[in-house]
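Presented sequentially are two complexes of chain A, the first with chain B as partner and the second with chain C.
This part shows the complex of A and B:
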């Protein structure tokens, strides 16, 4: 019989593990199974229809990729920039940190309702401002070419404060003596950022990239609250399409299949990020070579 | 003293147990209903609970009731015994196996002879009774007399034979807006569709041009590739482009805007009647549904809210008895009085039409139910139809090319019907 010398730590983490199992792992497995086990038999029909006879799925895939190819880098760069800005011990910097963090403390639905009103085509605040300067009103949420970028703007405003906290934490972990040495050697601020700050924050950057990618690929609130996937399907991401499949069209198998595709996409993107961000020296040493 | 106090406390404890003992053996039931109908259902259900303490009912209200029903009944949950069913969804829920067959209870706890035939027709799936109608729904044209007079316009007399036209509404709305909001920055509107961008109400536009809501429930092309549907969508876009209609407001906001005096006309359902003064010479006037000038077809979409029994209920007979109570019994009278709705019961409708002293709005509504009502599509695929068509109207409202929006809707319907 397996004897556990120190059972208390395992008991402590068991609650979190059970919650993960019940609310993440089991639903995930159920969803995977739901896409291939239908009416008592295993079948690939759902995926066959999805990949080869479902134009809406491919349009949603395009929307999801277009949105995230822009949104993820923008959020990373902006949140890193904000973290670098507030990483100075100046009087009043705390107020700025609070201001940057505040959007994240507001409920996602409320955020979306506010942005919905700001960028409304009729009687929207932004269009009112544009009109007061003699500029024409914009469609924003009502324009199929603009709606997706409105989501980028809303998500960036809402989320960068959160990611900024992680970057700030990573920055605080860098020994200031390294910067002092670099300054003595005549290092420029840009060089300092590229050669010292970013390499030393690699793990933090990797964590934020993976978490940010997952969150954005699964984004749902703006589509449900503001655009309903429109106009003309221009904001109909895979996550929203999966929701519609299940709750509006009562096609749970199709919904499970879409969610499975999303899961594979997230796994591939995260694997790629891990590969690109791997510590090459560590890998070389592990293989038996010497570090450069 | 201490002994007396102990005895008193013991007696109090025993008394608190007494109601529990009375309720022993009670089989509670749960009713899922759409939000916004609390006054009627709460009052009627309270009366049921007085009469039937052995089977008390609690009502859960959700604004997203359709999605909650899909989530709950989709997995066969017995949580809800009684479910609200919008008439177009009777076939849909029947096809999915959500509703219980009520035929075994007809003649015992259910009496179908009390209902209007036009409303009972919605309640069958595959030849079996699966719901009972609680109301007869119709829309009205509401208008703000004061706002229109402010623009110097005196509306002509509107009769069933000489209805206001949609074109007149557009013209009057523009004059009102020019008078009260010339810079279009005060938030006024001309015409509000109370359920903007929802097929439930927008259907009135193409059906008023003589088109059907759904020709072939397997394929939307024969429905949408018609002049009426195209022209209806173009008319709606024109209203939005002119600033006459604001498509971004939902049901509640449109009503509030109209009631705040910032909108000249509203096409709204009867659910607003109880909140609007019914006096003829008040600021808000209710009148007959408009028509298009070239067609003169009054075509107000109609349907009834129905109530059914969940196929997964553990207490179907009692649930059926509740359904009869609230749709055609004492509970129905309480509901209608609380909501000022149109009864689906024959006797009530006949009495209304025969009563010369009855409220003018109720008389208009009863007339419209009889002469201007066009039923919404009755199809088991109504959920798919509704979702696709709602997206069509949203695309039209956002300014998309009407032909592109039409093709997108046809393609989407074909994919979701696979």
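This part shows the complex of A and C:
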């Protein structure tokens, strides 16, 4: 450690600390307090209205759950599969890896505008493809039953390359000799994945699950740029409802309350994931012990 | 491990198939940006080779994006914001990181863990109160208001701390014995050794800032201050049917992050994974 006068390190960290305090810590507190501390007094009114007299909130909750129950597992499985695929030692595999990562280096807005046109009802190239195979055109973004799945397609395309990077770095950290002994024991590829690979990169899997859940529950760009929450509220997620509440309906307390609900949901999902991962790990250790 | 020829063929087939899905939207956008609306629409259905390959390639859309739709100013604005963010961001975070990595002081552990926790706070969840704070600081519609909130970053700070910890102490001590000041130590000895981590954090901040949408949407509403992503969405709302020009605008805003990311991807990957592996 360098020996310096007492105030020196504090001066060095002061700018970063003040900025983080003003633009991270205080906003977080104010976000959490904004719904229950109004006009100088604590009140439960905002949540009371939100939970018991707000049909739009509950509909929006339904949309958020529908979207994420599908999107999160799909993204996790696809990005893990991609990582396993490009982890093979093949000639030119690096070029494929780069191609898989390309979509996420481009902004969400650009991705959404591209997908907005690809999956357009009229003049969309995907409908052109369907027609060429003799299939009828689909409504996609303009169909209230399909728009949400278009978001799943768009964000899976845009996001999996990013999550793949984490899985890939986890895979690289595994000693390959363990696979050779597994192969000698006649281990099937699926069994190898579930019993060896995933447990060995548990930290990575957990990190990706938590970060992915957070990102998806707070997704905003597709709703703002393509669907505006429609058609008929079918893509009106909680995050978008919170945005509208604050900037279009001028109801900041309701907006804070919705964001708080989202943060609690994220915390719950993450806690669940930690619990599931831990449970499996202990079960595996016990099984191993019994076999010996 | 040995692999049979058939298995290799299947792997390649899979790779090519997925690569096509990943790259097709971009190739298609690029090809459409070189065509007129009429030509794009004519070859949409049924799909033929001309769905992808232009019949009469033209740069007219790109000319229109700059001449008629004024994309030049948002691009300058965004470049300015990116460079200022990268410059000040690297300075603020690396100076703080030097204190955390090389000096002892009271409360260090506590402050450092709070900083690492702030890195877990998702931006979207605090953007609305951040808007109110920026409003009260009279920073709406200013460059300062766009840049300031993103400068200090737990992620970048962490990258610098990890790197600084590995710098051999002997080098620093020798410099101090020679009478080097702290400033000299930082600018003349530590920073020149930190090329890799500087590239990584600069790249992450630059691409992040270039692609950011929600924050500029909230704080930079005046036309003269618009950044590229908000300009793009406004264009989408105002001229939604101008597909050919939209594709050109899309390519214009994608080319900068792409041309940075593709050659420098190993630095980017090192940056995003360091948190999950070491942290």
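Some observations on this one:
In the analysis below, the second predicted complex is superposed on the first by the 254 of 292 C-alpha atoms of A that agree within 3 Å, B and C clash if a C-alpha of one lies under 4 Å from a C-alpha of the other, contacts with A are read in each partner's own complex, and residues count from 1 in each chain.
Note that in this section contacts are C-beta pairs under 8 Å (C-beta built on N, C-alpha and C of every residue); 3 or more make two chains touch, one makes a residue touch a chain.
For clarity, every value in this text was computed on a predicted model and none was experimentally measured.
When the two complexes are overlaid on their common chain A, residue A:10 makes contact with chain C while staying clear of chain B.
Of the two partner chains placed by superposition, only chain C is touched by A:225; chain B is not. Of the two partner chains placed around the shared chain by superposition, neither chain B nor chain C is touched by A:177. Of the two partner chains placed by superposition, chain B and chain C are both touched by A:128.
Once chain A of one complex is fitted onto chain A of the other, the partner contacts of A:24 are limited to chain C, with no touch recorded for chain B.
Contacts of A:56 after superposition on the shared chain: chain B is touched, whereas chain C is not. Once the two complexes are laid over each other on the shared chain, residue contacts for A:252 go to chain B and to chain C alike.
Touch criterion met: A:88 reaches chain C, while chain B stays clear of it. By the touch criterion defined above, A:144 reaches chain B but does not reach chain C.
Set against each other, chain B and chain C differ in how many residues of chain A they touch, and the higher count belongs to C. Shared interface residues of chain A (contacting chain B in one complex, chain C in the other): 123, 128, 131, 246-247, 252.
Those residues of chain A that touch chain B in the complex are listed here as 49, 53-56, 120-123, 128, 131, 139, 141-144, 228-233, 244, 246-252. Interface residues of chain C facing chain A in the complex, by the touch rule stated above, are 1, 3, 8, 11-12, 14-15, 18-19, 21-23, 25-26, 28-29, 40-41, 44-47, 51, 92-93, 95-96, 98-100, 102-105, 108, 111, 114-115, 118, 121-122, 124-126, 128-133, 148-152, 154, 157, 172, 176, 182, 207, 210-214, 217-218, 229, 232-233, 236, 243, 246-247, 250, 253-254, 257-258, 260-262, 265, 268-269, 272-273, 275-277. Those residues of chain A that touch chain C in the complex are listed here as 1-2, 4, 6, 8-10, 12-13, 15-17, 19-20, 22-28, 30-31, 34, 82, 85-86, 88, 90, 93, 96, 98-103, 105-110, 113-118, 123-125, 127-129, 131-132, 157, 161-162, 165-166, 169-170, 173, 176, 179-180, 183, 203-204, 207-208, 211, 214-215, 218, 220-221, 224-225, 239, 242-243, 246-247, 252, 255-256, 259, 262-263, 266.
Partner chain A is touched in their complex by these residues of chain B: 67, 70-71, 74, 96, 185, 187, 240, 243, 246-248, 383-384, 387, 390-391, 394-395, 397-400, 404-405, 408, 411-412, 415-416, 418.
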